[in-house]
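Presented sequentially are two complexes of chain A, the first with chain B as partner and the second with chain C.
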Partner chain A sequence: MARIELNKISAGDTLSTATSSGVNADIDQWNTETGSIDGENVREEGIDRRNLANGAFVEPIPSSLSGTYAKITSTTTVNAGNIGLSSSSASVVTGALIGPVYYDPATDAGLKINVSFQFETPIVQTTDSTLPHFSAVRPNWSVQLGYRVGNSVGSYGAVAGTKRELSIETAGCANTDGVTMAGHKWIDSLSIAHMFQYGSSGAPGFYFQLFAWEDGSGTPLDFSINYLNMFATRYKR
Partner chain B sequence: MPVSIAPFVGGDVITASSVLERLDDMEEFVNGGIGSSDLKSTAWVKTEHIAKPEFFASADKRFQGVSSDIHHRRRPHTIQQFSLFTEDMGAGDYFPIPSLSTSFYCHGSAVLDVYASFWAYETGGDDTDDKGDDNTRAALIKLFVDGTKQDSTQRRVTGHCEPSVTNLNFLEKFHRRNHHVTYRHSVALTRGPHTVSFRIQMYNTNSYSTRDYAKVYIGTRSFVCNLQYK
Partner chain C sequence: MAFRYRNQYFQDGDAVDPAGWTKNVDEYTQEFNGYLDRDNFPEKSISTAMIVSNAANEVYSQILQTEANVSIETTRWLEDDGTTSFGSISFIAATDGILTAEWSGCWRHPRHGNWPAQKAVSAVYAHLLAGSWYLSLRLVVDGVELCQVPKSINTFSESAEYMVGSIPLAAGPHVVKLQARAAVVGDEGPVINHQAMQDHGVPKNDVALKNRELIAIFRKR
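The block that comes next holds the complex of A and B.
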């Protein structure tokens, strides 16, 4: 019994060493608390963040958060004219890789992936004198997350819903305008928030990689990611 | 740890010290001696046992829950609530941006995630360069955690364009951008006070550009700072 209710000892009572009554019965109540403390011993709202065990809701905080996040603090250039969600593809964004991240669809509520980055790509000169000026070669990039199970080198599966297309139709100024756009850049930022779904049970180590590729025709332009943050959070039920 | 209080046996003389010794054992147990092995292993925690979350809608807007705290700010799209930074605000100094900054008390080891978006643009500068040049740099914005800048969060505010060529008027607002930043701090925060803030560095005084920039607006913005304890 978790609730302790001490015997009331009155003057004139005979002290007994029996465990069924008297002072030893009180001591026995205390000794049997081990392994029995339950809701009867906890006041309403008596459990707060300091009482709950590590890992009850999200992945326990490890001594190092390495693997759950990735950062890019310098320029990472992608120059790819084709899509290829494999670790050897030219469309790999170097440094934008996290894993292993553990998630069990059978027991967990979800695995949230967050990505944000600043990118830049050239604005090119166009000879189109008609407004708006369309360039024959213009930035037309796609980015998408890929995933794989385990750390073996190979292909990634596309994470559905994470594809983002970046294009700018009026790419610059016509020569006839008397100004040049050579060397100018389109600088912007982008974020992706995604709740990852996976069909099979078990808690394998997932790896997530960001890819970027050029969809436009003609010579691919450089696409640079200057600053990136990417991380995963596992939510338990 | 399991509590173990010696029972009295027949023939014992009950003295004050023998009673106090047992009371001390009880006191030690209830005052911090209860461990996980003392709890019943079957499910018994109910909703009423858990402290309810608290919401604070005052100046320091925050949610304090059981396993996490969320500090949040937002500013609508009204120019009266834009923040303005001018070119003479120091050489290389970073200034906290209102509503993209918070300070808080962390109750224990916690993972820090930050989510933010903000609209930023420069206007009013010297526009002898009318190319809509995105190589120009009016300001840099970075996230700071406890006063240390996090380079992976850098966002650049580029100079605006006021073209002399009529056909290029569409470029004037081309450089007005909504920026996005999501960030996870690389180490768990420790118990105690912490500061998280996006800060801006005006760029006119350094070597990146010879162009003058008059002022940078930080407009519509959202800011969420999530502390995940367990």
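The block that comes next holds the complex of A and C.
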């Protein structure tokens, strides 16, 4: 705290210009201390929003949403088998990319990534005619967020804790009477919320990409993603 | 501090009383020593770097990747018990504010297909096929339910859930918890006697929570 302690003047004193105890000492204090004002000089709850710079607490909305916001409104097919999260593979969900997003652990409280979308599986049907009609194919779809620092071509790192696995249980089949039952088609929605942690500021900016793949046994079954919305929120201080 | 007035006015020829001089100087010295406020700082002059950490936002996150078993042998809500971590965040709020809690994660339910074939003729088994396995997840703040996502899970062996809720909180200690319960629900309510199920060859298929994350964002007044 910059604190001013003035020399008291009493009646009968000789007014001194000494730099250690006189009028000039008081002036020196003002000249020095005003350069080191800190929070303790400010009255509690004395600051309001008018004093704050834009984006002091939350990242301001950019003029272009392209960096922190992604949207898909047409069906994106994921047709991959056992490939996992890889930047060069077909597991990349086209259009589900945001960046550059900035985050500095030294000054920021957190960077939250939200993604929400609809997914749709193909019809899963089994030839097993015995009850119950469990899926013989047993597809297992996975989605996960990946990140990288900077936009240069390179591999993505998996964002811990964001892998979501989807697997259907029962399936239609051809029953013992020879009548084929309709298979099961799964249409649902999925949302992921993640508070991103990283040891450094990542000056070129972070990029986040959604990946999806099918890693069940047997023939991979495509599934599709649509109506996706993905965005980042940076919390400062 | 914007409007501090001189208490003493001196004019040419006055014999200056030191007390009056000091009184005037003290007016702004006292303000400078801890009472500056919004009127002393220009508009938009305070940037992020000048603000102390967690002044407005406190952000907490807990990522869990070890499976947590949600037993179907009880209908009570399960939560962190010292052995199994479902997810919880504790914090002390210095002021009142708004808490927003989010949870997303996936779960696994053992495939019914592992059951013996004779279950096809079992009444219990037929009952189970009718869509009567349920998983419920909810977020609780200081014992108050924030949000809940009940789900029938018969058709799936793995899937994911998401929930979010917000609540005003007073200053003081708080805890956000994930609670979970799984049940097999019949016409008369939850089936507690799992021995009867197992007598019919139905294994005790608990639900397991897998990758999951609990987020708490406390926005201060």
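Operating definition for what follows: the second predicted complex is superposed on the first by the 164 of 237 C-alpha atoms of A that agree within 3 Å, B and C clash if a C-alpha of one lies under 4 Å from a C-alpha of the other, contacts with A are read in each partner's own complex, and residues count from 1 in each chain.
Operating definition for what follows: a contact is a pair of C-beta atoms (placed from the backbone, for glycine too) under 8 Å apart; a residue touches a chain by one contact, two chains touch by 3 or more.
Keep in mind the model is a prediction, meaning the values are calculated, not measured.
Of the two partner chains, chain C is the only one that A:140 touches; chain B does not reach it.
Once the two complexes are overlaid on the shared chain, A:3 sits against chain C while remaining clear of chain B. After overlaying the two complexes on the shared chain, residue contacts for A:162 are found with chain C alone; chain B is out of touch. Once chain A of one complex is fitted onto chain A of the other, the partner contacts of A:48 extend to both chain B and chain C. In the superposed pair of complexes, A:36 makes contact with chain B only, with no contact to chain C. After overlaying the two complexes on the shared chain, residue contacts for A:190 are found with chain B and with chain C alike.
2, 33-34, 37, 39, 42, 46-48, 50, 52-58, 116, 131-132, 170, 184, 186, 188, 190-191, 193 are the residues of chain A that lie in the contact sets of both chain B and chain C, per the superposition on chain A. Residues of chain A that touch chain C in their complex: 1-4, 6, 8-11, 13, 26, 33-34, 37, 39-43, 46-48, 50-58, 107, 109-110, 112, 116, 130-132, 134-135, 138, 140, 160-170, 184, 186, 188, 190-195, 197, 235-237.
Interface residues of chain B, counted against chain A in their complex, comprise 2-10, 12, 14, 22, 25-26, 29, 34, 36-41, 44-46, 48-52, 65-67, 107-111, 113, 115, 117, 130-135, 151-156, 158, 163, 165, 167-168, 170, 177, 179-188, 228-230. Of all the residues in chain C, the ones that touch chain A in their complex are 17-19, 21-22, 25-26, 29, 32-38, 41-49, 51-61, 63-65, 102-106, 108-109, 111-113, 117, 119-120, 125, 129, 154-160, 162, 164, 210-213, 215, 217. Residues 2, 15, 17, 19, 23-24, 27-28, 30-31, 33-39, 42, 44-50, 52-58, 60-61, 64-66, 68-69, 71-73, 114-116, 118, 120, 123, 131-132, 170, 173-174, 177-181, 183-191, 193, 226-229, 231, 233 of chain A are the ones that touch chain B when the two sit in their complex.
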